[in-house]
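Look at the two complexes coming up: chain A is in both, with chain B in one and chain C in the other.
Up next is the complex of A and B:
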């Protein structure tokens, strides 16, 4: 097996750091080198053996990333929007033409937190050690965005056997509201690894609606750890629409720290070929009267593998918690696989917590019904799959956004027909 | 139940000890101990070799540590691995020869050892500390060709069956506690049902740990040959002691073509006192293999005792059209901890499994359901349904659900549902209004909550289990 130990000198190549920062980076790199890429012996990686996946597909991993900073972007024309452009993890251009610019702070991310925390995930250590890019977006108090903010995440075509490490932070002030669309555009057809650490902070009564869409299928290997902190009465909604990557793991942590806050996560994905996708969530109910809702839908074709690991944790003080979790999967091929581990860990008694998980094939009668109406078998399957996944899109309020997403979904399913 | 009765029952009623002289193996776990056990059991050489093989394997293994309840390290050298009533050394030929004190103990436990209790129609094999003391109804069973005897006897009399099936479901290379059991198991029950025989009565085993500083390691092996049926019950109690005692049993079930095994457990080991001192560590490995076509294995368990319960009665569904079922009630109160559930491994086509689990935690207890449903690539048209509900009483206890669900083919369907809640105030109020006091109301509601599982138990056990449910939760509300 390949040795993916990373030379300690690499840190000096990234940049010049204070002693404190360098120590922090060294400590984390040492930790990563000791443990290596996680494998299925680690509980959180039971269903995704990253070590095997990486050693099968990469012969080396370069740290030095491409310097390409300009690239052609097809901006979305369907609706008016503000935008940020991030190329290979690095913040390049931004445009807030519809907003009051003094309410918004945007800069490249610099890490000031060198506290030594025990991280269970070696990829977080790797990120701590090597991250050298990313953005920090802060919205002042009492400001509501007028138009949606689109974050274009572009990966250029010269990425090859490279690992990108970036850190992003989004902070939304008291009573403010932001809607974002995270669009991932991948131009590289070679293997590369993208490792993101994200921190989202919602202050009192802040609202964040976030939609994450992958523009096209690609051969990238993505890992994103995202930590969300919610204060009193704040509200977070996240929609995730991946379109399939060689490897994609989203490790999402939601901390409901204030009372009366609400968190909502929904995802719909259509996977085929050898896509490997895992959504792992951990919702920590740390305060009373909070609500959380999770719905994850997967359709799996060819040799794809879908995984959902969701955990609801309810602290003893978090009475009147209402937590719900649902994962549904349709398997279209004999070689596809769906694994799930919906977990509940509850220490408060006056709560309503439930989860459901189901997986199976499409209903034969439904296909038959559609075929008697003149559709071909492929068309029937496509229609049913579309209906199954559209349910998630339907719960988005904005019509223009809904149409945009439906178009994306239709594009994906179109690919199914050709196969 | 009347209030008066409740009060009398409040304490653990099986907490007495019986003064009987014991023969013990030398303290500690060593090759010597294994030789001692094997010698005293007059075992053939192949059995001793088998044990030693397990012991060698054990040296390389480590205790698992992924479980939810943590416990202080067990000193395996500080335990007795064999303890038997002295008068048992030369096995009694009939019940008359059994130490009257033992008979009295079983009377206290309410076990129908006497043949007079024929009417109750249960054949019993009683295991005291490490030795099987008496098996009833032998004649009637022998007529049908059914073998129901202590496993030590089966090793001598039916070596071909034991050799063929022992360790075939739980291999000696399994996890730490299973391997430990393979090395030092002392006794247990052996059942063989010949082809096309329906066992005319329920078979039952009562386990009791009496001596202190003793671990109990029994091994049960049940084989249901083609087209046969057997229902097997297991009950357990132990005296109150302020030390933790280890109970690491292995149970293996084998169902061949068209056979059905129903295995019910009412586990009421001593749970420790209110402050969590003492109690049994119940680390049991139970596994059944549906080897044949159309075979069925059904596990039902009511877990109310033990300081820590850590077990997963599982089904390996190898034969086409085989069925696995798991019904469980786990009640934890005070400082008790339970980490229990099942594994359903689907390998054959058209296999079905059903899991109903009810967890109730009160006081400062922790109750975890952990389960695996794995539908293999070749297990076409398989089906699983899982429901696990948890009930919480008070805000110092915990209820957790950790299911692992793997579906590897598109023609199979898996459904999983779980809920966690507390007792509905309206239901309590309604019961109070009708004249039930708080505790009676809780007992009634909890029994209703557990009904799906209690229904699966054989008649006599169901009554006992219902009472147990009420008693286990006493003092947890109000």
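Up next is the complex of A and C:
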């Protein structure tokens, strides 16, 4: 077994820092080194023993390497868009050709929040200690983007036994609106770990619609912690379409801080082989009259494992909360596994909260019906799985985006073979 | 076209069909009537290849043994079953499904697959003949369709797939008088001397519209009586107790 404690002088290799920052990084690295990669003894990680996964698949973890900064990108041709290119976590180029450029600020991320918080998730400490890249995007007040912003997140083929730590922040000003497509393109066939800390801030009446798509399967191990802050009357919609990775954990926190805000999270995943994917959410209803909606759909084949841990917290002042949570899973193989842990913690009395969870195999009668119409068993399964997952896509308004996502899903399911 | 000899079928150790014999020649239309639970749908299921039954006896379609042939292959070879209770399939768009099925069957029969445009033309024509609202075709397959709409959707598939052997399992149940006429017209217009039909029904009324060549009574898993369309009229008067 490997010892994944990280030497304190690794921090000096990343860069030169002020005393305050250096202390912050050291403190966080010490936190991490005390706990290490989380294992299933920790409540939040009981379905994802990361320590085991890392020690099984990595012989070492480099912090700093001289990975590529350039790579060829196949830009999307299906629709016009602005773009940002992020390579291995580092911001490289951007193009806002459809927008008023003075309304947009984009730069490499520099952290200046060195407050000492004991994080519950050691990977956040690790990120605080070692993060050396990422971007900060800020949209001024009263500006509505005319075209979608595509964030191309590229991982180059020379990544190997390395851990990348990056921090991103997106801030949307009062009454402004942004739509993004976060496209993760992975070219590495070797093992690497990507650890992201993300902070999304929506000011009053701001709107963010975000679609996150993993373009392809890969050997990446991904962890992302994402913290969303919503002010009065703001509106956040997130769609997540993962491709299935050996490890992918999304730890998403939504703070509904202002009144009348709304957050909507939907996800559709097709997992196979030994994919391991966890979506963990925490929705904090901190104010009255807010709405939250979550729908997580998974189809699992072979020996894949899917997890959904969803917690809804309603503070005593958050009256008239309307919170909804639904998880549905289809297991195509007896060796696949789906775990779901819904949790409600409610301190207000006038609230509407509901959650539901179901998992099971595909309906045999449906397969029979389709086969009597000439479709093979595999084709029938493919059609049913596609139907189950594309329901999430159907709720996206833009037709060009819908078609784009349907194509991606079809590629993923193409030539489904029952094992 | 279809020869059924001494066919028995059981499920969960319960014997449902107990030696059925029927012989259908090309161009013939046979009706099967019989009390609830007598095994009519089971017979239809077994003919379609549904799994889960222990089957013995002989099933020959176009001279070939059916036993080893899978559900989808039977469909591709021209066997079509209109379900008594069509399955609701969420997430699957009716129009796309129809196109997939159509081309799948065509391809298996060595015909050219049609592009979306040519297919939609055919679909439009056939659904109009059945008086179906086109909006229904944009919906999820059978989901929320009324009983009658589901039955019409089955007949639509029959018309599109142009099968050689059509099995209708109580397609008339749940249809209003106008719809019954439309469906009957649909069946009559596709009748020819090469196609055969096996029509399961409870009502003589349907057989006024669709003239059967033979009528069989299935009771407790066996054909207890066979005759011409006169038999159906007699049954209407006497009920199943009046035979034997």
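Here is the rule we use: the second predicted complex is superposed on the first by the 412 of 419 C-alpha atoms of A that agree within 3 Å, B and C clash if a C-alpha of one lies under 4 Å from a C-alpha of the other, contacts with A are read in each partner's own complex, and residues count from 1 in each chain.
As a working rule, a contact is a pair of C-beta atoms (placed from the backbone, for glycine too) under 8 Å apart; a residue touches a chain by one contact, two chains touch by 3 or more.
What you are looking at is a predicted structure, and each value in this text was computed from that prediction instead of being measured.
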When both partners are placed on the shared chain, which of chain B and chain C touches more of chain A: B
Which of chain B and chain C A:260 touches, first, second, both or neither: neither
Touched partner set for A:375, first chain B, second chain C, both or neither: second
Touched partner set for A:175, first chain B, second chain C, both or neither: neither
Contacts of A:390 with chain B and chain C, given as first, second, both or neither: second
First (chain B), second (chain C), both or neither touched by A:343: first
Touched partner set for A:187, first chain B, second chain C, both or neither: neither
Partner chain in contact with A:319 - chain B first, chain C second, else both or neither: first
Partner chain(s) touched by A:216 [first = chain B, second = chain C, both, neither]: neither
Chain A-facing residues of chain B, complex: 66, 377, 390, 392-422
Contacting residues of chain A [partner chain B, same complex]: 43, 46-47, 316, 319, 329, 331-361
Touch list for chain C against partner chain A, complex: 48-51, 70-72, 74-76, 80-81, 83, 86-87, 89-93, 97, 100-101, 104-105, 108, 140, 157, 161
Partner chain C, residues of chain A touching it in the complex: 363, 365-366, 368-377, 379, 383-384, 386-391
